[in-house]
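Next, two complexes with chain A in common: one pairs it with chain B, the other with chain C.
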Partner chain A sequence: MAAKRMSLRDKYNRMTRDLAWDFSYQDPKKIFEQADFEGIKIEDWDKWEDPFRLTMDAYWKYQGEKERKLYAIIDAFAQNNGQLNITDARYVNAIKLFLTGVSPLEYMAHRGFAMIGRQLPGVGPQVACQMQSLDELRHVQTQIHTISHYNKYFNGFQDFRHMHDRVWYLSVPKSFFDDAASAGPFEFITAISFSFEYVLTNLLFMPFMSGAAYNGDMATVTFGFSAQSDEARHMTLGLEVVKFMLEQHPDNLPIVQRWIDKWFWRGYRLLTLVGMMMDYMLPKRVMSWKEAWEMYFEQNGGALFNDLARYGIRMPKYWEQTVAEKGLISHAAWGTFYNYCHAAPFHTWIPEKDELDWLSEKYPDTFDKFFRPRYEHWAEQEKQGKRFYNPSLPMLCTTCQIPMVFPEASDPTLTSYRSSVHNGERYHFCSDGCKDIFDHEPEKYVQSWLPVHQIFQGNCGGATVPDVLDWYHLRDGIDNREYLASPDRANWERWKAGEEEAAELPKAAAG
Partner chain B sequence: MGYQLTIEPLGTTIEVEDDQTILDAALRAGIWLPHACCHGLCATCKVQVLDGEVELGEASPFALMDFEREENKCLACCATLQSDVVIEADIDDDPDAEVHPVEDFRASVLANEVLTPTARRVVLELDRDLPFQAGQYINLRLPGVDQPRAFSLANPPSEKRRIELQIRIVPGGEATTYIHERLKAGDVLDLCGPYGRFFVRRSHAGGVLFLAGGTGLSSPKSMLLDLLESGDARPITLVHGVRNLAELYDRELFESLASRHDNFRYVPALSDPAAGDDWQGATGFVHEVADRLYEGDFRGNTAYLCGPPVMIDACINTLMRGRLFERDIFMERFFSAADAQQVRSPLFRKI
Partner chain C sequence: MQIDIKTNNVRPIRQTFAHVARRLGTDKPASRYQEATLDLQAETNFHYRPLWDPDHELFDPARTAIRMQDWYAFKDPRQYYYGTWTIARARQQDSMERNFSFVEKRALLDNLSAAWRDRVAGVMIPLRHVEYAANLNNTFITAYGYGTAFTQTTSFAAMDHLGIAQYLSRIGLLLDGNSGEALDAAKQAWMADPAWQPLRELVEEMLTIRDWFELYVAQSYALDGLLYPLIYQRFDNALSASGGSAVAMLTEFMVDWFAENCRCVDAFLKTAASESDANRKQLSHWARNWSARAAKALKPVADKALGEDAVAVMAELQTELQTRGARQCGLEI
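Our next item is the complex of A and B:
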């Protein structure tokens, strides 16, 4: 009989775990100095089950081929003027939101996984973190390269990295990741790999990528596919991490539960921007935020938490709140951006009649009653030449940094306000979820870089709106304000008219 | 029509329908393959084709690379068979698994006796030896019943010709009604087997815990007899839960084994003793009795569960609360067509 084949697991072990070594003359506590302070107890790192078995040499081959395919499609998109095939120039604003709000997070994820890969003492998670770190670097690069094509034709893309650090609403995604990266390695990986990648990522990727497909943006669809083949690995890593911590020691349960509660709420609040994008920014809509939340969280997430219940984990705290307010948050957010888009590098608009009807149909309990009249009022003002821009600065939630615009689910005519006093100062929050997070670690969140406070303190270029816009590198009248009056729209109308004229020319001349 | 699929490193061969994907066929046969998206995008279910031809289906070019197509890889969630095929999947070779080929047998009924008011013991004489691993099951064909039915073997593997089945009567059930009302000694039946990956992990150190509910006793009985015959010295506990004394069976056998083997503990448990039962033993459901026996700490054991789904579920919860996790919990799970459609657990592979 022939020698027994080496199983994939054995082959994998030879190329990964067997490459690690024991420390003989240095104290492991000094080598992995962040391994203990969060209170997570690991008795046996060898019990870690690698969620996927991929060795570095195979990894390079995969990613190399993915890159070749992706760039071939991006090149074809550019050569064929793919930007003209999208449904409508309004769609491009969703891509602006993605590039300024999401792509820099991919870069932060790259850094974060590199940091914790160094800090986690087990070789299994070290290898997984190394690969994920490289994945994330690839994701941010491919996104920048793909979207750079739009930068040639549309405004607002040109300084996305600079804006990510400065523009008021971009502090929402930025502070989310900064919060995770300034925690310990176990909290970081729970926050990003489990709460975000596993529980919530479908709600980030699905809307953007399906939205791109529905709206003719094949370049974005392609980087979506290219990234999705990595996401499956990231999600299984998130599950394995949580299982591993829970199985290793009973003392880990309350710590992990608190992280799940915290990062579910942080991630959910961040997804407000996605909900707004789905309901308002896609000329051709995929599904409503409410439908997406029902499908991806209430149904799929419920199944996951049923399983986790065996470990003693319960549903994330305040999940009922997310269900109670699913008919409210996307509208509150778009209304806010409509108010403040003179200070944002993308355009807003009042949905057209058929779009308002779609919202009424998707949100029968809330839209007509609380939001539609507002939009109709603003539309009327706009027609009279009085397009409304809010001249004041909004109050921000100290935790999620979103302006305090969320309605109370029990009475949506009221705004939800919460507050806590710490060392004689009062801090404000949009929700019980955000207040709880602050109350547990006040010393961390009192350091929050809140954009409105920073403007008032004179740290953002000056005291007037033009000063702040300069500091943002935002070109007033070009990158911002009402879509109907924007150069983007004027260009788009010109290009589409030109296409029609070209189509009407005799064939010989066109060829 | 259809083809045969052999899955390495298990060495198990299963039947696959023409339009059936490799993943679907494997899961229905009770073989877990890694998978996630189930529509060709995520590459979690990638397997190596060692022999034979497959149709790759709708595998995304970003999930199944060109170089991988050249290396004969495919995505199990979209690949279908064009011939008999051998694949190697990213699953762990179980050092305790024996490989016994599935064969067809002819059997004559030696006995069909009343075991309890709701169960029968059927003893069959086979036309030749049936080599199997304790814990496995056979598919039995009954006259006038379309699909074969699965029954666990209650005899130890040392008895290769005379097999024992313990059959609960399902009210209205086509097959069990036939067995209950019509099957008699001398009848001849067709069966095939052995099937299943429920067997004792002898490589696991520490105690062995069998949790059986009702006629779920059959597999544990075979496994236990096999362990004791081989002189296994580990502490072994069998908790057998039934409703009342009338439903308890094979009690004398296990009591006698317990008296002869110091390492074997037998704990019959009644969940609902009848008025005249005069029961001095353990009462409660299987998971409750086990929880008390082990004082809520199952670490260091390997558990084997067999019984109705609610019992299995309650036992898993109790074991995990007592810090015994998936790698040390085993059970028989019959996948029906309906099960394969269900939402599968994202967190667990087999429990």
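Our next item is the complex of A and C:
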């Protein structure tokens, strides 16, 4: 029989969509138990447009090829001591932030997408989510394998899994993903695929990967590039899902809009850590947080939301606030870590003079006025042997769990405080965005595992800082505190000096 | 001239991550499998109870009746993490692609008699729906199971089953010249042919099992453990004896996959069973129950595939599975 030619679409439908059947021995509600409880109404799963049509044969072929190339480079990087080619050992602290803060979220995404890959009725979204689940496992594992080499030469990486579930600032990324994964399947996919991957992912990936490229970290650049084609698929899934929900039923609009509002703010607050990394932790800077926000959110994001206007979707609530405070948040964050880095597994430092000048230039309205004097003061103290560490514990925002350090955009000399009373208890927030999120689901956020509260309640190893550091598995004087005094810096200078000597040897021998 | 490159001072300050070293007992070089697997899943200090299951934490060992001191006692003998798994599958896929084009170019399926062609279409193609359910079941275990050592293997198995569903679909399209008639007829049979209803009923019930370890036993030990030998050994043999050896080229992946996956299933069941008597009893009970039910549901399919040999073959396959359960998995069957 002469075989008929099939279009890609027909072929995909036959190979994937056609696998399902209408259950008749069991109530479909017993098989897809989570399909209804969030109030999202889907009338016809067949209307789902597959954002990419990938069958397993092609998936294995492409991904297998990518893995071969990636691991060849990871091997070469380790063999050639590629870590010695980075601009400066201060840079390594950016990857510490990545491994402790971001990689465990990739793992959570792996499990979360498995959850919804099982729970969403409809083969199209199931398979798309399952593939993303696998990709996310790829990301966390390739990140660990890449950074494994750094772990052999620098401090602070070694107990990243233990720390992610305990260290105070890591509750910011952890609670973000716990929040999404503990929600229903539709909220999860709106949170992660749309609000984070589609709207904000450029602000996570670009800074880390370009930062790596600018600073000679070829290993991180390589896994970044290799993950990029996966990310492209994930982003199209996010957009498709939101459009699908909006097309299926008008009642879905207010629910989806609220999720977009919530998850935009959740994601934005999480990106504070990235903003700080961009402005302070890269010895060779790519662009400022402010410039990145303007390019990736104000311009690109603005265009996206214009497109979605025909569905009735408007810009996320409080987006104006993000613009008003774009000159403030990264500095507030670095100042906080400068104060508290005796309790964090990475080092901080005062930017060098040319770096302070760069910040003054990039933030002409805010840096000299509100922040530079602080850094100069701390630098002066340090010179006198009084490097400042804040001995108190900060108050945390109940929602985003960042210490309450954000300035009021209208008057940056004031700290932004908001609060709500629920069942007779007062809860504190860093912003209107975080307060709104709490007010809508107080029963959820009263459960927050707030690290400072937990320390005071005696759940973190003891009452003193050394007790808590032990419980974190943080080795005082090695993993933490000022960069200038760190073993990382001492090792780095020894290795670099050794390199120069080695380079001079052949010359000496010839002479 | 000897150039003495002074690299001695660039020595590692440690060999592996601390959580890995604690499990190895000392800081020594660890394998990529170990670094990619151990302790990867969060176990403590979760922030919020799931809206969809407020009685449990996000990840919670109490979602199964099986109890383990250490959920990282499970060791995949294949040492698969994403990279090794994908590269292995890409290699197999290469070989399958060559097989498909070999069979297609030479129109080898045309050598089958009409009766055997119908039998291939009638027996193999409806199984793509069973594979789809296996994909969902393994995804369920990946989602709600405990510990990366376990759940990453079901993540891979989920996609393997989807791949197999797609290979079966391609066999259907090869049979019907891409018209889709073979697939439609198979789905019709899956929905209405009395011979398929016991299996469909069983598969739909399995989709409602909520103890993920029970689901693992039902799917990966019991149903796979009978279905794969039945179709890809016994039925394949019968086919080959009747001029259908080309079909064996198109099911090479399934044969290899089953042999490989069994190594992992056996190791996992053995680990859980040797943990405690309670585990062994529970697993053995599930294994007996689901094997008996799977055998019963597969009997009409075996009739279709093997005719009068079906009774004897099904009895043999059950005995083989019992032997495997007792010897390889440490169960009381």
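Here are a few things to note about the model shown:
In this section, the second predicted complex is superposed on the first by the 502 of 511 C-alpha atoms of A that agree within 3 Å, B and C clash if a C-alpha of one lies under 4 Å from a C-alpha of the other, contacts with A are read in each partner's own complex, and residues count from 1 in each chain.
To be clear about the criterion, a contact is a pair of C-beta atoms (placed from the backbone, for glycine too) under 8 Å apart; a residue touches a chain by one contact, two chains touch by 3 or more.
This structure is a prediction, so every number in the text was calculated from the model and none was measured.
With chain A as the common reference, chain B sits beside chain C without any clash. Using the contact criterion defined above for the overlaid structures, shared-chain residue A:Lys317 touches neither chain B nor chain C, since it reaches no partner. By the touch criterion defined above, A:Lys369 lies against neither chain B nor chain C after alignment on the C-alpha atoms of chain A. Touch criterion met: A:Ala181 reaches chain C, while chain B stays clear of it.
Of the two partner chains, chain B is the only one touched by A:Glu247; chain C is not. In the superposition on chain A, contact is made by A:Leu137 with chain C only, not with chain B. For the combined arrangement built by superposing the two complexes, chain A sits at the apex of an angle of 80 degrees to chain B and chain C, based on C-alpha centres and given in steps of 10. Touching more residues of chain A than its counterpart among chain B and chain C is C. Once the two complexes are laid over each other on the shared chain, residue contacts for A:Lys61 go to chain B and to chain C alike. Legend: residue contacts after superposition of the two complexes on their common chain; A:His453 is shown touching neither chain B nor chain C.
Of the two partner chains, chain B is the only one touched by A:Leu308; chain C is not. The least CA distance from chain B to chain C in the superposed model is 9 Å. Chain A residues 5, 61, 65, 70 lie at the interface with chain B in one structure and with chain C in the other. Chain C contributes residues 1, 3-7, 9-10, 12-19, 32, 35-36, 39-52, 58-59, 81-83, 86-87, 89-94, 96-97, 104, 110, 128-129, 131-132, 135-136, 139-140, 142-144, 148, 151-152, 155-156, 158-159, 162-163, 165-166, 169-170, 173-174, 176-180, 183, 187, 190-191, 200-201, 204-205, 207-208 to its touches with chain A in the complex. Residues of chain A touching chain B in their complex: 5, 7-9, 52-53, 61-62, 65-66, 69-70, 198, 225-226, 228-229, 231-232, 235-236, 239, 243, 247, 250, 303-304, 307-308, 310-312.
Listed in rising order, the residues of chain B touching chain A in the complex are 8-9, 36-37, 41-44, 60-63, 65-67, 88-90, 92-93, 316-317, 320-321, 323, 325, 343, 345-348. Residues of chain A touching chain C in their complex: 1-6, 10, 14-16, 18-26, 30-31, 33-34, 37, 55-57, 59-61, 63-65, 67-68, 70-71, 81, 84, 104, 107-108, 110-111, 114-115, 117-118, 123, 126-127, 130-131, 133-134, 137-138, 140-142, 144-145, 148, 151-155, 157-162, 164-166, 171, 174-175, 178-179, 181-184, 444-445, 447-449, 454, 473, 491, 494-495, 498, 501-502, 505-506, 509.
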